[in-house]
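Input: structures, listed below.
Next, two complexes with chain A in common: one pairs it with chain B, the other with chain C.
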Partner chain A sequence: MPMKIAKATFATLTILFLVAPLIAILPLAFTSSVILTYPIPSWSLRWFEELFFADAWRRAIVNSLIIGTGTTLLATVLGTAASLGLRNRLIFFRGTIRTLFLLPMVVPAVVLGVGMQVLLAGFGLTNSYLGVIIAHTVVAVPFVIVSVTGALAGIDERVELAAQSLGAAPITVFRRVTLPLAMPGVLSGAVLAFATSLDEVVLTLFVAGPNQRTLARQMFSSIRENISPAIAAAAFLFIAATIAIGLVVVLSRSMLAKRR
Partner chain B sequence: MAEFIRFDRISKFYGPLCVVENLDLGIDKGEFVSLLGPSGSGKTTLLMMLAGFEQPTSGNILLDGTAINAVPTHKRDMGVVFQSYALFPHMSVGDNIAFPLQMRGIGKAEIGERVKRALDMVQMSALVDRRPSQLSGGQQQRVALARALVFEPRVVLMDEPLGALDKQLREQMQLDIRDLHRRLGLTIVFVTHDQSEALTMSDRVAVFNKGKIEQIGTPRQVYDEPATRFVAEFIGETNLVEGVVEAVQGQEATVRLPSGAQIVSAVSGTVASGQPVFLSIRPERVDLSETRGEARNVLETEVTDSVYQGDHLRVQLQNATHPLIAKLGRRSREFPPGTKVFAAFSAGDCRVIAP
Partner chain C sequence: MSATSSRTGRSLLLLAPLLLFLVGFFVWPLFSMMSQAVSDPAVLKLLPRSAEVLTGWDRKSPPSMAMQAAMMEDLKAVDDDQALGDMVRRLNSARSGFRTLMGKTTSALADTANPPADLISIDKRWEKPEFWLAIADALSPYTDRNLLAAVDLGRNAAGAIEHLPPDQSVNRVILVRTFWIAALVTFFCAAIGFPYAIIAASLDGWKRDLMLAAVLLPLWTSLLVRTAAWFILLQEKGLINDLLLTLGIVNSPLALIFNRTGVIIAMTHVLLPFMVLPIYSVLITIPKNLMPAAASLGAPPLRAFVRVLLPLSLRGVASGGLLVFISAIGYYITPALIGGPGDQMISSIIAFYATGSANWGMAGALGMVLLVATLLLYSVYARLSSEEPGRR
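Let's look at the complex of A and B:
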């Protein structure tokens, strides 16, 4: 019994430790004060207003959506293609190639950022949407690969062979069998790619120009310039979006589980 | 009947590993041929090559006189049934069966009609809207069967299709498939490692061992006239006794056993005088009696054990030099251990096999 209490206490403390920053920032989104500190004099939605109507914040949100959408599309297509390619057992160094694909997950973002800036400058792509989308795609692709590879691994190869024997050309097998079966993995990969892009600051600092300020980047800079509670409102927006995204992932996973 | 499928000197290597070795096999139209052998004997690989999933390293596969090595799977027009059923998990039973018809550009109305008929054929009409995951193994295999037959393929290939089913269901499906084969005049190539399944269902059985066919023939031939020691041991139970050929007279040979007894036996293949050979004696062909009797071949033995097994009585015997098993009909009298008996069998009930 004391052991049980100890375990429960420890778990609660760990969770508190993990969500403490959220508890610190989220209530401030609803303050009526002009500075980002406690105590909260009275409740207000004025900072959400600021977020949606002040030019800088509105642009940042739009930019995040543009870049997030572009990254999601590009990373999902590339990541799915890579996962399909990695299924082929005849590929030499398959394990090594897979590891290379996942490398951006562990390489320090600062290193990637410097490299990315040098590289994109060479193509004249710094300070452009395309440049930021490419940079975000590099870090988003591994998430798509992990998710899609998992879904593909769950497909019985003989189901695809059966489709062939029943008269389906390879492209038809892909369209009617492989892709529908992998779809939950592709979807949750896409969601993760979007989340990655939304959250990404370091690469954005290196490659984005003033016109490509994303929401994350805007928060980062405004916390130094003026500590307005609009940051807290933005953070609230982030959390809401993240929870929504998390729900999509969970739902698509359970869809996958139900099908098996 | 015209030869429909021909494997012409087919070999298959995986790296240095030879899975199928220089194999020739012809299958007639409308024939049910089983490829029978232990796992790793190359039977499934041969089937996969016929389906187009694998390419032979050398040799040709002919269908109706035309080489099909270069024809991709989806154009071969062969229905394949897998042990794992391989149904499309994201489609209903009806959509699974409609799939091959859609691939052939058949109109909606006709597809509906043919799916219905196929479902009737396998008695699954009530479950047309179910997902495969909602079906039992036997039901899934019926759907897989309907899906492989609905487009009237030129050949039906089955890779251990009943292996995952329990015994009773398996025996029922064996009879069902045999019945479909006869009714529809299908050409079926059936891979199995279960010898009784092969004997039950097939017109002919090809016995595989180490990438080669040891023997091909009717179930009666491979059981009664095994050509090799492997076939004799793999199909059914048998007593294998070593001996030396003393004389050959046409289709029969006289073999002297180590105990000195002389046995006259039918011969598989060719043997010469003085050659060491095996005698294969099926246990159910052995008669026991306490008197010597009139039979041509008689061995003096002693009962060491006797087990009642419901449909037969299994008696273990010991001769001077080797053990022997006899399976007696259930009407037979009991033979308690220690009884001295004469084991008798005719020349046609045993086989001389060159080692």
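Let's look at the complex of A and C:
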């Protein structure tokens, strides 16, 4: 019995440690004070107003959306195509290629950032949206690969063979059979790619100019320089978006699981 | 046969775009970073004629007329002030005195009304072989000085490798600190994550779901948001200090932020999911009746744990630990925001060299150290997790 209580206490405390910080920051988004501390004097939406109407924050949000959309499109197209290519077991160095595709997840962001800055400067792409989108795509692609190869692995190849044997051309098989079946994986890959771009700070620090300041970058520098409850308001939006994204991913996974 | 080859061709066509993209924007940047670390073109670029003449020099005797003439030719031909500045900085770091010497020399050479006969007539220092030696050593397009300096080594005048003086030896302190912080974070993650995973795996129903959701929610939340949350909690008037003061545990606020404690707490929170999930995924593959079996054979709980559960779950702990350690050594944001100056890890130093002082050579060299450490650890991790039974 004491063992059981100890276990329950430990589990509860750890859950508290994991989740409490995220919950504690939420009410501060609605403070009317200029400092980020409890107790909250009175409730107000002024920091959300600041977020949406102050020039620096509004531009950062717009930039994040532009760069996130670009990254999502590029990473999803490249990653889905490559995942389809990886299905073929006859490809030489299949394992090596797969590892290369996943490696951007492992390499420290600062290391990649230094290299990327040197390279993009050579192309004249620093301080451009394209440069930031390229940098974000490199780190977002692994999530698409993991997600789409997972979905493709769940497809029964006999279904495709059946379509083929009934006279469907390869492109028709792909469009009418493979792609619809892989769609949940593609979608959750796209969502993860967008989330990666939204949260990326380090590469952005290296390759983006003042005109490409993203929301995450803006949060980073405002925590560093002049911390204000606008951070909490931005965090509130992030956490709300995370829960929404989490639901999308869970739903698409359960769609995938149901079909199996 | 032709069907297979056309299928292979199609697969290659699908793979090619991403392959080319990553070779261009992932592999190449890493290589260009590493080449920054070893390339040293600043001097050779401006002194091609001197380089030719200096190959015939015995490195001991005073400079010949040919050497001086070639040097004067080279210096007169320089029309790029920035490149000249780079070269002077490079030479000055090898031997102090070059800044004034070069300034004096170039302005004397620019005076076309009364051209100097030789370099020695401009400044007596050109007589000394030491200065010429520094130039000769800086002429190679490749250098190991950045890589050596990354671990606080350097070459002395004779070319032997030796430790740098203590006032220049900061990198090794930072490397040790990086690994030490990463080790501490890994330890705390294991100390919390292992029992947590065991408890979660032993439960079922909503309790297990709750425990897993508590791990997944922070994992999915923006890193920046989690760091901001800890910033708010740990500050002097933050919730944690409020709580401790109200409970009467402490009399004055604890210093929890801008120091090591804060960094360890925040990083443990951020990386804990990476420890819990691999251990959990190993634990759920262990048959549930093993522990009761050990108990029924007379093993007390502790003995059953040490002899049965621990060895079986060790693989999960090892891969979780490696994952946490690999992520921790490359951390930048959390130490930058929560830590003080004494808690900055190798990533911060790389960022400082790259963006703060534009010293690409040192940024590249330290980046190479971090990259190699990461890739070595990752290859161990990949081997460990590919041997995992029942894994796709």
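Basically, the second predicted complex is superposed on the first by the 253 of 260 C-alpha atoms of A that agree within 3 Å, B and C clash if a C-alpha of one lies under 4 Å from a C-alpha of the other, contacts with A are read in each partner's own complex, and residues count from 1 in each chain.
In this section, a contact is a pair of C-beta atoms (placed from the backbone, for glycine too) under 8 Å apart; a residue touches a chain by one contact, two chains touch by 3 or more.
This one's a predicted model, so the numbers in the text were calculated from it and none came from an experiment.
Novice: Which one hits more chain A residues, chain B or chain C?
Specialist: After superposition, C is the partner touching more of chain A.
Novice: Could you tell me if A:Ala135 is touching chain B, chain C, both of them or neither one (first, second, both, neither)?
Specialist: A:Ala135: touches chain C, not chain B.
Novice: Is A:Ser147 touching anything from chain B or chain C once the two structures are fitted on A? First, second, both or neither.
Specialist: neither
Novice: Is A:Ser197 in contact with chain B, with chain C, with both, or with neither (first, second, both, neither)?
Specialist: neither
Novice: Please work out whether A:Ser228 is in contact with chain B alone, chain C alone, both, or neither, and reply first, second, both or neither.
Specialist: Neither partner.
Novice: Looking at A:Ala163 after the superposition, I want to know if it touches chain B, chain C, both of them or none. Which is it: first, second, both, neither?
Specialist: In the superposition, A:Ala163 touches chain B alone.
Novice: Which partner does A:Ala11 contact after superposing on A: first (chain B), second (chain C), both, neither?
Specialist: After superposition on chain A, A:Ala11 lies in contact with chain C alone.
Novice: Using the superposition on chain A described above, determine whether A:Leu28 touches chain B (first), chain C (second), both, or neither.
Specialist: Second partner only.
Novice: So, A:Thr126: does it touch chain B (first), chain C (second), both, or neither?
Specialist: A:Thr126: touches no partner chain.
Novice: Do any residues of chain A touch both chain B and chain C, and if so, which are they?
Specialist: 170
Novice: Which residues of chain A touch chain C in the complex?
Specialist: 3, 7, 10-11, 14-15, 17-19, 21-22, 24-25, 28, 36-38, 78-79, 81-82, 84-88, 90-91, 97, 99-101, 103-104, 106-119, 122, 134-135, 137-138, 141, 153, 170, 195, 198-199, 201-202, 205-206, 216, 219-220, 223-224, 227, 231-232, 234-235, 238-239, 242, 245-246
Novice: Using the touch rule from the top, collect the residues of chain A that touch chain B in their complex.
Specialist: 156, 158-159, 161-170, 172, 176-177, 180-181, 259-260
Novice: Within their complex, state which residues of chain C touch chain A.
Specialist: That would be residues 4, 7-8, 10-19, 21-22, 25-33, 36, 192, 195-196, 199-200, 210-211, 214-218, 220-233, 235, 237-239, 242, 269, 272-273, 301, 326, 329-330, 332-333, 336-337, 347, 350-351, 354-355, 360, 363-364, 367, 370-371, 374-375, 378, 382, 392 of chain C.
Novice: So in the complex, which bits of chain B are touching chain A?
Specialist: Counting only chain B, the residues touching chain A are 51-53, 72-80, 82, 84, 86-90, 99-100, 103-104, 131, 133, 144, 147-148, 151, 157.
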